[in-house]
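Consider the two complexes below, in which subunit A is the common component and subunit B and subunit C are the respective partners.
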Partner chain A sequence: MRPARERLTAWALLIAAALWLLPANLLPIMAVTQAGRSHASTIAGGVWQLFEAGMPGIALIVFVASLLVPIFKVLVLAVIYWRAEREDNPLASTRAYRLVYWIGRWSMLDVFVVAMLAALVRFDRLAQVQPAPGILAFAVAVVLTMLSAHAFTPRQLWKAEHGNS
Partner chain B sequence: METPEVKHSRWPSPIWLVPLLSLLVAGWLLYDQLLQRDVQIVIRFDNGAGIKPGVELRYRGVPVGSVDEIVLDDDLKHVKVHASLNRDAEKLARENSRFWIVKPQLGIAGARNLDTLVSGKYIAVKPGDGEPKKTFKGLEAPPEQQPDTGLKLTLVADRVGSLKEGRHIYYRDLQVGTIGESHISDDGRFVEIEAIVQRQYAKLVRSNSEFWNSSGLTVDIGLFKGAEVQASSLENLLRGGVSFATPPEPGPLAKAGQRFSLHRHAEDDWLEWAPVMKWK
Partner chain C sequence: MERPVPTQTQKSATLLACPDCGTQLPRPAMSARGSWRCPRCDCQLSGAWSLKPEPLLALTLASAVLWVPALTQPLLKLDKLGLDRHASLLDSVVALMHGLYLPAGLLLLFTLIIMPLINLLSAGRLLWAAHRQQPMPARPWMTLYRHSREWAMTDIFLLGILIAMTKLGDLATVTPGPGLFCLVVAVVLRLIVETLAQPEQLQRQLEAQHAPGP
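Here is the complex of A and B:
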């Protein structure tokens, strides 16, 4: 595949991922039913609940892992793609790309947690966890980000210096 | 070597379908979930005991919404319960819709709503028939015990006995109404018991009907006739209730609020009264 075409694919997937991040963060990701009371929470709402429940450490971890990292990944990829044409610091960009690529495999953690809870917490009326539409959008956003990163090859960052385009 | 002919497609790469589809689906999802939100309603209760944010609203036993927050009314005499109804249950919020708090009831002749012991109280709704509406006055008791759903009468008795609120009124052992509140009469000589006969049975009550307390047993032992035991249904025996009968020549229809005296037990011939009354 030609580099320009390759970059186009990466861009298209990245834009799609960015679009899915909106519902992923605005919609509830799961609904917890406890003793007959149902409560749906978004990612940000869950972080705030953890913080209020006196667990600032876990709240910070969830905040970084579930809220910051997905947005950060999309932004970093966008910068890398943008600069690919006239890259003046290919080493830094390649490192950033590898970091994003490496984080990708851990990003499904939220989806995994919700799936586990939904499967394990089934005590009928006492406690129940149901996935909500937000987690689906989150999963799609993560997958599209990974596909986008995969569609791009960091070799493109180096072509200018080697002059082989 | 021949140079390969390079053709450029006039169409953009099909990969752009992915962001396009994403825009459509994600946008629709957002619109569906956020903009077409649940219907917000406010219910005013005299007493909000047991109601917390998250408490369910149920219709026919199925959750249709939940309580968001509870605030005190400005006059401190009511609590305002803000609740959201699911979109598909929007039609439940209309004029004449009734909301009441379902609590567990334990009694000697039966227990009701025991699930609320575990899951807590919930708010039940009965849909009305009017225009869509957003604010409601909550009921303290289920609608079948509300005075405005039927013919309201006053029974005058010496003592209340076991006729507590929620007990039933029977016509030929069939439940046709409910006992409401009791209070002591103005002069202090009697108790006045509110009785609500369901609207569809209201025509069975005539101004010359006789009411009697059908709870308990009546045992009559005589030297020559042996023992005679009289009781209506077993449920009635345990729970207590009121029965009534209308004489063979039924009088005019009973008026709302009419007073009847409540007899301790039925005269023998009352039980045989079987007047023809078109009650429908």
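Here is the complex of A and C:
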């Protein structure tokens, strides 16, 4: 049946995304070289640096967009897919689905920050920013969660006869 | 992703199926005001404002004109001990286009250049058809418009620039470049067009023009 196959694709993409989130969070996402000394930072490290630099507001935005949202999105989608077969509260699930569908794209934020910094900070030996493998894993994870949400349609949560007779 | 099409046997000018839950709903009058939501699943079927193609077409055109300098002009300028560096949006995309990071670079190309361009083209094509009272353009245009709304991420890139600026604060002197100004205005105009030209609403308006209405 078509809905079952759709859900299988959605599950497969979601599990792949969850796996890619591990290296994304554990590996450094960029390396800053300053006066000959290189310093690699992870996503969590970058948030902490912003917080220490006295910018708690910006640190909070980055924390939400790059740490909280990807994990939250994977968990919420997993619950929605799990419940889809015998859904008893389709309205709540549909609302949750729409919410994670639209906030998921904001996770790309860190990829853009690294790209901008890598393009800009090119002072050879004086100062340099280079991407590190974590950013690639992170980009892959974000795209996979978006594709997973695409593979699933909220139509599956609604039974045709229900309230329409 | 293809969405299930409503049963063709029931196809009529007065009923339409909600795209999210498939409920058959009576079509509202074209002149109806206020946002319209599906009573069953709360899916937004039209925005709070009526869709006037001409002003939106003008905004799309303005956004397209600003798009060229926004891509090529420097977004940020950096000054460290008398050395100058600047980077445009294109430079940011190219920065990740090598070796291991090629997939990330391609993703940036897709979300920051290709998709925003498709968004401008498809919105322009559909609004032009609505303006000229032409029949519905070929189906791919509507599909492209729907997808590009999600995958064009220039708005997120703007927040990324802001965060990059704060991160650079202690490293060097940062000044915004002309490209940044163009990009901000282009993004704001695109957001206005997207909010006012909801895909469902636009599609119904185009279909209504095609149908030999009363």
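Just so it is clear, the second predicted complex is superposed on the first by the 158 of 165 C-alpha atoms of A that agree within 3 Å, B and C clash if a C-alpha of one lies under 4 Å from a C-alpha of the other, contacts with A are read in each partner's own complex, and residues count from 1 in each chain.
What we mean here is this: contacts are C-beta pairs under 8 Å (C-beta built on N, C-alpha and C of every residue); 3 or more make two chains touch, one makes a residue touch a chain.
For clarity, every value in this text was computed on a predicted model and none was experimentally measured.
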item: Superposition on subunit A - do subunit B and subunit C clash or fit; value: fit
item: First, second, both or neither for A:I29, with subunit B first and subunit C second; value: neither
item: Touching partner for A:T9 - first (subunit B), second (subunit C), both, neither; value: first
item: Contacts of A:V100 with subunit B and subunit C, given as first, second, both or neither; value: neither
item: First (subunit B), second (subunit C), both or neither touched by A:P133; value: both
item: Touching partner for A:L67 - first (subunit B), second (subunit C), both, neither; value: neither
item: Subunit B versus subunit C as contact partner of A:W20, first or second or both or neither; value: first
item: Subunit A residues touched - subunit C or subunit B, whichever exceeds; value: C
item: First, second, both or neither for A:A84, with subunit B first and subunit C second; value: neither
item: Touching partner for A:W158 - first (subunit B), second (subunit C), both, neither; value: second
item: CA minimum distance (subunit B, subunit C), superposed complexes, angstrom; value: 10
item: Residues on subunit A lying within both footprints (that of subunit B and that of subunit C); value: 34, 126, 133, 140
item: Complex interface listing, subunit A residues touching subunit B; value: 5, 8-9, 12-13, 15-17, 19-20, 22-23, 26-27, 34-39, 125-126, 133, 137, 140, 144
item: Subunit B - residues contacting subunit A, complex; value: 13, 15-16, 18-19, 21-23, 26-27, 29-30, 33-34, 52, 54-56, 63, 66, 115, 118-120, 122
item: Subunit C to subunit A touching residues, read off their complex; value: 1, 3-4, 20-24, 40-43, 75-76, 78, 80-81, 83, 85-87, 91-96, 100-101, 103-104, 107-108, 111-112, 150-151, 153, 156-157, 159-164, 166-172
item: Subunit A residues touching subunit C - in the complex, by the definition given at the top; value: 34, 46, 49-50, 53, 55, 58, 61-62, 65, 90-91, 94-95, 105-106, 108-123, 126-127, 131, 133, 135-136, 139-140, 143, 146, 150-151, 153-155, 157-158, 160, 163-164
